[in-house]
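Please find one structure pasted underneath; my questions will follow.
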Amino acid sequence: MAGYELVIKGGKVATAADTFMADIGIRGGKIAALGDDLAGDRVIDARGKLVLPGGIDSHVHVAQRSGMGVDTADDFASGSTSAACGGTTTIISFAAQQRGQSLRQVVKDYHAKAEGQALIDYAFHLIISDPTEQVMGQELPGLIRDGYTSFKIYTTYDALKLTDRQVLDVLSLARREGAMVMVHAENHDIIAWLSDKLVQAGRMGPPSHGIAHAAIAEREATGRVISMGELLDVPLLIVHVSGCEAIEEIRKAKARGLKIYGETCPQYLFLSAEDLEKEGFDGAMCMCSPPPREAANQESVWTGLTTGVFDVFSSDHAPYRFEGPGGKVAGMKAGGFKKVPNGVPGIEIRVPMLFSEGVLKGRIDLNQFVALTSTNHAKLYGLHPRKGTIAVGADADIAIWDPAIERTITHSMLHDAMDYTPYEGRKVTGWPMTVLSRGEVVVDQGEPVAKIGRGQFLSCDKPDAARPRGHLPFTPEIAKSILF
Amino acid sequence: MAGYELVIKGGKVATAADTFMADIGIRGGKIAALGDDLAGDRVIDARGKLVLPGGIDSHVHVAQRSGMGVDTADDFASGSTSAACGGTTTIISFAAQQRGQSLRQVVKDYHAKAEGQALIDYAFHLIISDPTEQVMGQELPGLIRDGYTSFKIYTTYDALKLTDRQVLDVLSLARREGAMVMVHAENHDIIAWLSDKLVQAGRMGPPSHGIAHAAIAEREATGRVISMGELLDVPLLIVHVSGCEAIEEIRKAKARGLKIYGETCPQYLFLSAEDLEKEGFDGAMCMCSPPPREAANQESVWTGLTTGVFDVFSSDHAPYRFEGPGGKVAGMKAGGFKKVPNGVPGIEIRVPMLFSEGVLKGRIDLNQFVALTSTNHAKLYGLHPRKGTIAVGADADIAIWDPAIERTITHSMLHDAMDYTPYEGRKVTGWPMTVLSRGEVVVDQGEPVAKIGRGQFLSCDKPDAARPRGHLPFTPEIAKSILF
Amino acid sequence: MAGYELVIKGGKVATAADTFMADIGIRGGKIAALGDDLAGDRVIDARGKLVLPGGIDSHVHVAQRSGMGVDTADDFASGSTSAACGGTTTIISFAAQQRGQSLRQVVKDYHAKAEGQALIDYAFHLIISDPTEQVMGQELPGLIRDGYTSFKIYTTYDALKLTDRQVLDVLSLARREGAMVMVHAENHDIIAWLSDKLVQAGRMGPPSHGIAHAAIAEREATGRVISMGELLDVPLLIVHVSGCEAIEEIRKAKARGLKIYGETCPQYLFLSAEDLEKEGFDGAMCMCSPPPREAANQESVWTGLTTGVFDVFSSDHAPYRFEGPGGKVAGMKAGGFKKVPNGVPGIEIRVPMLFSEGVLKGRIDLNQFVALTSTNHAKLYGLHPRKGTIAVGADADIAIWDPAIERTITHSMLHDAMDYTPYEGRKVTGWPMTVLSRGEVVVDQGEPVAKIGRGQFLSCDKPDAARPRGHLPFTPEIAKSILF
Amino acid sequence: MAGYELVIKGGKVATAADTFMADIGIRGGKIAALGDDLAGDRVIDARGKLVLPGGIDSHVHVAQRSGMGVDTADDFASGSTSAACGGTTTIISFAAQQRGQSLRQVVKDYHAKAEGQALIDYAFHLIISDPTEQVMGQELPGLIRDGYTSFKIYTTYDALKLTDRQVLDVLSLARREGAMVMVHAENHDIIAWLSDKLVQAGRMGPPSHGIAHAAIAEREATGRVISMGELLDVPLLIVHVSGCEAIEEIRKAKARGLKIYGETCPQYLFLSAEDLEKEGFDGAMCMCSPPPREAANQESVWTGLTTGVFDVFSSDHAPYRFEGPGGKVAGMKAGGFKKVPNGVPGIEIRVPMLFSEGVLKGRIDLNQFVALTSTNHAKLYGLHPRKGTIAVGADADIAIWDPAIERTITHSMLHDAMDYTPYEGRKVTGWPMTVLSRGEVVVDQGEPVAKIGRGQFLSCDKPDAARPRGHLPFTPEIAKSILF
């Protein structure tokens, strides 16, 4: 029992299960002890503070070029800094294959973008848009074994969408290799058909985006991929779920015991279809896919969070600027809603807004909050228990919250590279004023203080959550023929 | 008040609503009167008999060439004769477009096949496999106005399936023109993917057909087309529904007020997956799409019939022979289950088997039976009140049932051109021993007695059942932009 | 084939299944024929008119003394006249047992009240409030055999409610004897508990009635009696269902195949909780149990009607005057909402309001309308096919509707003995201007023209609808021990 | 940072959220530290072992006299010893009011029975059978403030059942005072009615117990109390849930956001209705209320555990002997199934059987297991974080499991005072061979080693879980009138 390099003293610690008073002893970047009276070389006084696992944002687009060829405003430097200032200590961004590309090369390219740029640790999900024989037969199995154990597929976007048959191929591979499949579930044809009608009618404004991405289109695709997951007994994670109809599909799937996971995002709690109707181009600030639904739907999203339909709360940070080349205004001018890059920023406000509106308003408790913003992400993507909790042996990724501080969100206070926030003017209570990554203080008094580039790549384990549940709608003999 | 040419005397008459003792007076092929004491030039003694509306079989494939290029065993002559001998007085067969064909020409061709061949009256549904601009812009609207007011679309079969986008186009047109859309709902990619796996595993037998056409594939496509119908507020009829999962989708849609109609068929009540497992090639006798499900599922189909999930009970008579060129055995030998023409015969046993197992066993009452086998077909496809009931002014299409006669179904007793029946040896009680079409006795003592060719083509009205319900998920202003 | 005493010529006839042009020939008070060209001694010209089965109002309180000792304003004379003027030709009123009374005597007493007083035909439901050994062992079985084949039980009201155990006794007897059980389903204790709290808080006004009769109390009791019906496999009819929660209970019960029937009433389509909040005592005009729910709930009731949750649409005519001794105002003055006699009048407007808002606005079709207002009542209570349809052999109970006439409902135009209508000022289109009972014109040009006392008592058959479905949650051997 | 009195070294620790390798330092009976390298005065080597929070069994009947006047076989000495030997370190037993008794006196009496008798710590739930003014107005509020913050009510048993009105009173008080309400939910009248019929039929054997306690009776009462909880926005815990129908009620309640909690027990996973049918009197060994259901129902219970319908897994240990006076055989002889004391033992096998069948067979993970057997009990009953977890500051109540040991359950190996176990002969893998209570080893190598009487009474906090969610079906103004 040696001493500790750093001790966080006197705080109230919470995990996904427990809340208790404890000091935290850190050694070698890891949590070496929790105790009622620890001593260390350095001490951070956390009396009156909440000491929580650093957030994990498992749905982040940084340093990524969109299907429309627009680059995100944030690279790993600004994105990870903004994340850290919002209490997040791990981000999982996307290594996005474009059709024709080798997946290995894609991963290499994204590593090059991230290398030396991150303030906090990061991992990669793969985006599979072109499941060629080469990709499916060699690259993907190899990458999974190398620590890229999750990938995202799309049922929409011309440049990304897979056919149902390709989805089955991908699910079947995920089953065999133990990877987690994330799905962007919206019915492509419905969206395209409605969009064309709206364009033909001259309705080019942001509200048309919300109309085209109908809640029924989301429900449909959610139900469809769940059916495919059920057929092959493959766990699935439906990302950025917005509408009560899709929520209901996930709820029913879970109720009958399927391993279907759900993710939602701040924009579905705090924005609404009305935001798309703002004057001039301002509605474009809130355009993302799926879009925010009508205000009454927000209650369904909250209920989804409180009742376990949603396992994770991510930002889907997709930072496309409002002004400037490739920006939303330029898109609107060039061709209306169909030319506007889709996405809203949220990497920094994600955890604080949920804390303020969720925990302090009594909708969720502190342990649920930790689970939704951190622990469950680690479990679903093979980072637990290294990340996502405060436990002996875990990385000392810790956010120390002042639960009483009041802040008004403005774009100027945020650390991303964007030129707006859709949450301008919202008041929140509570903020993670001090943040540690692997034992190093990276944010102090709310401002970044560590060196860009210190963040490390995280290789992910095959998550338990991705294991089949063992109920196939086939006899064992047939299953062997169909699967592997 | 003139006398009647023919009077059916002393029978117990049933409609979809009522059961009562009445004589029926017929004049000019129509029902001129129902009365408690009618006199006529000729009299049929129906004492002790049930006098029911002739059946309508709204799902019949005759004189049709399959996607595989195999012709149905039955042409209009044998098909309509077999129908009549089973108490059916109207069939609606398909005028099936193959890709590249003009729909007008298709209709003309099918008329040529039917002309002078039918024993009873007939109408046509269109099958739309190629919704080109020509078809959608001109032919289809014109044909609807000309009395072809229903059409069937497919979500599966390479030669027939429409994309979701095409489905939306078709639904939108149906909405504008007032036509009824029938859907064969199975997820194509799931079936194809499973089929390929089974073939790769060398599992070429009939059971693989049932496995590939998984119940989940049916549920998925059912849910998907319902979503599209809900989006555009277009009534839909899901045909030949087999599995409890799809039944549940329809039930839920109806429960929330959608105009979604359901059809099921004898093969889902009286056959099961076990029938596909018969020795040698015999399993192929029961191959149809969707396939019969496990035996326990039959109870769900019955409950669907008794609780109003199903509006119509049709045969989906798809008569492909067992032996001979193009037959099921030849298909099996040529390439296993994927080369076997899909379909089972049932045009003659449809009504008697439902009577025996449904009415006499107390599962449905006589009025439900009339609705399911006759009246609802007429209503859903624009033939009511000319067809489908016993009422003044209706065509005198009447089946006189001996409710006590016991028969054992054998192929040899049936009047189709097939070489087997999957119901060989089943015992039934009750049979329509005398059948009238437009006042003419076409079946007497169970055998056909009228001249082939007397059957007439029926032009269909736009059915009320196809009218939107008036609930769109858009504001009226937006709806006007999206629809017409 | 003799001539007819009376012919209704040229009208459009509708039954629960069909709509067609026909003349109706009447002889001896019965429908002797329907024909395309009938001649008779007298002729009523019905060209341009709808000729429908006379309505059956199977939920009517006339000549009844309430639990509070207040007499209904209407006796059989005024009640049956008002009914007839609204197109109804049969009423089923209640012979209501008070505790301690012999059921035989009760029936005798109610017959005395009805004898010579009715304009149209009538039957009786029994109300069982005291299932003594004498009642259960002798009287009730005898009465059922004598044509009193339905009875109503209550889960609330101090003077009426049965314990669950008594409900089971009654259900078990109904099962054995083939009677139909109607249930007033509200949780008594919830209502009483809330009422007391509201009284303690000094909230004595009509809105407290609505609050105390919470929708949850209705859902609870509905679910409970359905459970008991399911346990013993006994069909049940839940009367005057108001809230979407109870509707959902019935829907689910039907979906799993149970023979649970539902009834709703005009007050749940056309009144709302806001009506209870009217100034002064006026809110008391709309007090009934269950109470009208919030306005948004009306859509659920409509959906219940269109989707088959509801089998019958009755008035629950419970005519307690507003002014005068025993009236609602007197009740309010005496003790607030708990002392106000519960009930609203509706016997005359029931059918016209549903026609105007239902048929003409496209929510239901004409056949559904006939089923909901007439045919299904006859079937559920053992009066079919004598009543409830236009068919050969049926009583010539016929309403001839002018579908285009516009009327504004006012109390002064109605024929009941009340001093208000809650629907004052509502505009409707369509009215049954001529009404026949057993072939006799009882209403002409909207006014009663026949002699009071001509109405006859109807003995009811044991309805098919009351037969168990044959699914007990016991083995047959156990069932025999538990049942009979 | 002093040294620790005791260190558990090298084990794999699990909480309800996390699993990690850590040493545990214990000082003063509490967990003083978790660390990667702790030293202490004494060391327990836990390498290769699982180190879990001691189980909490929150549903235990010891030293209790039944409504039939039969004493449990176990007193606090044997009951707590048996619990400890099965890895449980806290039991919550009942202080059961009989009608007419002062609740204060009841509590005093039960304390007298427990004082100096327990091996491990214990708390009390109250059983309220007589909510008099004295009880409700004074005793109960005072007791809640004194640390008796949960109570159980019954909807069945003559000696215990409350009317719905009393339930509302109790819920309303619980709401105001912040107590947790547990409900035994079965419909009394259904059970009594069926029992009487079975007795009349001479069916006196144990199977009649299962038939009388029909699954529908459980569903009904579960739905009813949930309705009452929803009406007043009061959290409820439905105890010992057995049937899939009741499970579905809880699932639906949770899905719409209600704070309804569920408990199930080993007998519903590991026994079935068939066990009641054993020869002679042996079926009586498995009689408890609710009874074990048919074998297929076990899968529903498992799904309830895996999908979060159930929050806690308790034993409902109700140890009535098979032989001897007051035993099950004596009951059978005296009067058949109605005279048999209800209940099965399970306090010792509860945790091991769930570990073996749940964790090792992959149905639940280790963290779910900890939550279900320990943490959630502490949270629901106001003992967290003192009990129910391994965290700094918590009592050192720890079970050290050998996950590989194989044992066959026999009565002779158990430590209760019973004369049988219904699980005789079942094989399990894994057992908590060493158990600590407040840092003291109470079980070593599977056998009790500490002094009877060391167990302490636990005063419970008002649980967060018992706080209303804030959704009442009334306006705030009305709510104030109805509640407090």
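As written, the chain order gives the labels A, B, C and D, with residue 1 at the start of each chain.
Here is the rule we go by: a residue touches a chain if its C-beta (ideal position, glycine included) is under 8 Å from a C-beta of that chain, and two chains touch if they have at least 3 such contacts.
These numbers were taken from a predicted model, which means no experiment stands behind them.
K.L.:
Give me the chains shared as neighbours by subunit C and subunit D.
P.N.:
Correct list: empty, since no chain touches both.
K.L.:
Which one of the chains is farthest from subunit C, going by Cα centres?
P.N.:
A
K.L.:
Approximately how many whole Å separate the CA-defined centres of subunit A and subunit D?
P.N.:
Their C-alpha centroids are separated by 38 Å.
K.L.:
So the centre of each chain is just the mean of its C-alpha atoms; given that, what is the distance between subunit A and subunit C in Å?
P.N.:
Roughly 57 Å separates the two chain centres.
K.L.:
Could you pull out the residues of subunit C that touch at least 2 other chains?
P.N.:
none
K.L.:
So in the complex, the part of subunit C that touches subunit D is made up of which residues?
P.N.:
163-165, 167-169, 187-190, 192-194, 197-198, 200-201, 203, 211, 214-217, 219-220, 223-224, 227-228, 230-231, 473-474, 478, 481-482
K.L.:
Could you pull out which subunit B residues touch subunit C in their complex?
P.N.:
1-3, 13, 15-23, 25, 27, 30, 32-39, 251, 254-257, 303, 306-308, 362, 365, 367, 371, 375, 384-385, 389, 391-394, 464, 467, 470
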